[in-house]
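Next come the structures, one after another.
Here chain A shows up in two complexes: once beside chain B, once beside chain C.
Moving on, here comes the complex of A and B:
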């Protein structure tokens, strides 16, 4: 510990004003504050401060992403072995998954980090921790077959267009990870549609099973293949094709529980998304005009990215509604929209991304009405208790 | 007494070490006393005495250039020694070298019940005790010419390690009641006295006369006058209400009972770095030096933070500094000026968080020795929903702060800027993961608006 401190004290002057690398002070600062909580003390206002800060918060989001990440890694292998007709052990699946995912994550972080640092140095502001989360989220919402260059582009897009042009973390309007994914969807649709959801670069001696499809169950259902819906158990543990992080309901719930307990993710939003989804799926069950509308409610919640969106995407505090009541409305509408898009517009079987992006845009409007309600209550008080405004203000 | 209890659920009691034991010591008389103009926000002091001039307790020292009626008087008799100035020649301290015994200027004893409004005003202004009466909005000394709709007094303090007012009032019940009688004469409206349903026991408080008593329960900031006003009779646009601190009501009482400015008060010496945290009898403007002698955990004062007031809203003073005019508490905590390896990652048991991101929520019985480290870097707002949990008012804290940041006065008014003071946002500031300096944001906004309308 002491040795690290000594090295730090030796290097630091070079980055401070007048030092050789003073231009890169912000980059140094980012590493430095990563290693040490700085000795900065309060100088005005409250003399003591809560131990929570954004670094810890972001790390907690990453911790909450570990369960879906682990299951996702396993599932990459699992789907591969399904495709070649082999019954794998957990280790085999996991190893194959790791081989595939490690480059994805490295490229994702390297691209995001580099962009973030460049912006911090140019604008001389502190490096924001947000990219720690974005870097992982971007990987988790892509199919395992995504080429590396695409991952890098997605991340750079997320940081620049998703955040920096608005002024950085905390200022953005829509979720950066989802924005970059929609960029891929509309710019390079081939990488996100059809049979890309199973990693099928066949190894030596393996052969694809006849008729195996790497498409997600949802897109097959959209084409009318109702029997493509996996068993409830498979959907629960996450043994089905899909984007890396979305498949396992169980793992996502585990992460969601962690977010809700620590208060880092809004339980209000998570529950309202589920409530909205249940409401809409139930409504379709009642209308029941076609087979798709008759999918049982619980299967809707297990399918696709519903759970992942509810727990990790809808709850992004920057882009969601920020008032207490607004969060209920915002979450509920996301749930409704996901199922609506999924069932009524089979062209986009995964409605989660679009539903959340749309509600991101509407979140300020929802907040606006909640704020207006607060203002109205205050104005009503004056009506009930009039005073001579002018007289007092002028005296 | 109002029958219903106002039950507040939102808020936070920060569990700190170093609560004052209920033992009353009398401090050795300081050689120096100081009245500190920065305690009286917004005034511009103009001196009325020359260096070396002899003064009595109650003699004017300076007045406010913005309102010449408001004068500030010496709490002790002695010689006016010097002015200490800070940046831009701002007067920080007006120091008086004290005599051994106090010689008081006589303002004439009188029962407030037999005085008319004007007599009372004159006595308050002449004695310098007008400065004990403050107002909302803006949280500044009240303007004697304003019409206010009510006067508020809180009979309990809920801040971290705050003194127990039931203990402070011991033996001064009559003076307190006289003080309330004075306030009653000042307003056509009501005088509201707030007590804590669970902690306030004294009959002098629960059955105070000439006032409306309101019962409160709930964590800090339930003792904040702003929170109480919000729930009893909120400040609407154009309203003015006045408020007086608990011990200052007693001082007002003494002024009318004995005819003198008797600046004695009791302060709680608290904080984890005080060896024997206790109550001390001092005189307004006393130095903390005598209280801290042989009473600190370390002699290295650079590793300690001395605060006049509580840890959330108090002002930083030095080891020989003076107790603030409105403060009933002195707190000493460790400075947090040491870097900590991976401190943000490792959930150390000595760290405290009001959120559930650390283990402190699992150990509600534990008391903490918290230091002054900022515990993070300043960021834009990211997390939402935390601030509302510690502000028991129908006010949207984050939206109000954002309205201030874009300097939209109309929106600030609509969101309730007149109902709040910096202290009401102290817990929001404490809890803020983005380390936003909310108290100074609120203060600047209030100053701006006041300037705009004056």
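Moving on, here comes the complex of A and C:
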């Protein structure tokens, strides 16, 4: 640690005002504060200070993403070995998963962070840590078969159009990770169709099992093959084809618990997304016009990215509703929309991304009406008991 | 009267007249600054050829209609000026439509209703109302050509970007080399969808206003 500090103190003057690389000060600062505690202290006025700043918040989200990531890595290998008809050990699955996921993560971070750094240097503002989470989330919501260059293009698009246009981290209207995925969904639909999710570059000596399709449970359901979907237990632990992070309900719940306990992710949103999903799935069970509508409620929650969206995507602190009551409405509508898109729209087997993006756009509107309702309620209270209010003011 | 004689002596391409053409292409662009005529930009720019044809059609309609309105500006009763303008534009659009059908039937099919919708293009009505009604034919002509070119330039730029990345072609000719496809390049379907036109225009507006902060209106 000492050695790093010495190097840092040595090259530091070059980046400060008047130095040779002063243009790139912001890029330097980003690495510097990543490694060391910033030396800046408050010098004016007094403010309530919290130990947790943006950087630490983001680290908490990364920690919460570890369980789905680990299961995802294991599952990449697991699905491959299912496809070639071999019973793998955990190490074998893991190794294969790592070989596939590491390039994806590197490309995702490199493309997104490079774009952020360029904009930070141009605008001379601090590089924010938002992308540390976004870069990992993007990988977790893509299938392992994704070509690397598409991930790079999608991330560059998402950072520029989703964040930088609106003024950078914290100003974005929609979730950048989902924007990146939607760019791929609409730009290269064949690569996200739900039938190509298993990593099947068959190695030497292996052969695909006859009749293996590799379709995700959701696309099986959409085609009406209800018997072919994996058992509840397999979907619970995450042994099914799907995008990398979404498969394991158990791991996602573990991460969600961590987010809820630390207060980084809003428990209200998570619960209300589930409530909305259960409500809508139950409603479809009652209507029961076709086979799809009759899927049991608990299966809906296990299928596809429902849990992942509820825990990690809907709770994004920037794009979700900010008011307490607004969060319930926002989450509930996401849950309703996910099931609605899933069941009613044959074009998109998975509705999680579209539902959350749509509600991201509506979140400010929800907040506006919640606040207006609150103002009205309090005005009414004043009008009804003017005396009381006066007394309260005086006391 | 003295002003009148001064105007007569003015050369055809005086500084002021040149500005009538160059301003609408740059910092008074009808699309990126005034944000008019957006629907046709979103609808017809999937490929370069229809964008080009529509741009030329609008230049023709706008140039001629500005001249016509300017010529009759002193005998048009103010109360019925809008309907007179519409009649002029509509007649010109019908001519353009017929010419297109005769000369370039496939493009005319592609443009479909958007040739007819030139009539409702806010830019044309706006320039007639705002300029041709109060100015002489020659400046009006330049103003019409200038604004239509500003509109056309954006149309062509968006069409270029969308056709290149959406289909890998330009004017129907493949330009992205075959070996790129062989090593895994895929055309981007998002560029074929109208939202991408909106994003492209949005990015143009962003870039233009960043380069010229004068244009930013804080409202």
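Definition applied: the second predicted complex is superposed on the first by the 372 of 395 C-alpha atoms of A that agree within 3 Å, B and C clash if a C-alpha of one lies under 4 Å from a C-alpha of the other, contacts with A are read in each partner's own complex, and residues count from 1 in each chain.
Operating definition for what follows: contacts are C-beta pairs under 8 Å (C-beta built on N, C-alpha and C of every residue); 3 or more make two chains touch, one makes a residue touch a chain.
Since the model is a prediction, treat every value here as computed from it, not as a measurement.
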- With the two structures laid over each other on chain A, which partner does A:4 touch: chain B (first), chain C (second), both, or neither? first
- chain C versus chain B, contacts on chain A by residue: B
- Touching A:234 in the superposition: chain B (first), chain C (second), both, neither? neither
- Task: Could you tell me if A:375 is touching chain B, chain C, both of them or neither one (first, second, both, neither)?
- Result: first
- Message: After the superposition on A, what does A:95 contact: first (chain B), second (chain C), both or neither?
- Response: neither
- Query: Which partner does A:263 reach: the first (chain B), the second (chain C), both, or neither?
  - Reply: first
- Message: Quick one: is A:193 in contact with chain B, with chain C, with both, or with neither? Answer first, second, both or neither.
- Response: neither
- Task: For A:165, decide between first (touching chain B), second (touching chain C), both and neither.
- Result: second
- What residues on chain A touch chain B, complex-wise? 1, 4-5, 8, 33, 35-57, 59-60, 126, 128, 130, 167-171, 261-264, 266, 268, 317-318, 320, 322-324, 327, 367, 371, 374-375, 377-379, 381-382, 385, 387-393, 395
- Note on the structure: Within their complex, chain C touches chain A through residues 184-186, 188-191, 193, 199, 202-203, 206
- Item | Residues of chain B defined as touching chain A within the complex | 14, 16, 143, 145-147, 149, 234, 236-240, 305, 307, 311-314, 316, 331, 333, 335-345, 351-358, 360, 370-386, 388, 394-396, 398-399, 414-416, 422, 426, 429-435, 437-440, 453
- Message: Which residues of chain A touch chain C once you look at their complex with the stated criterion?
- Response: 147, 149-150, 160-161, 165, 183, 186-191
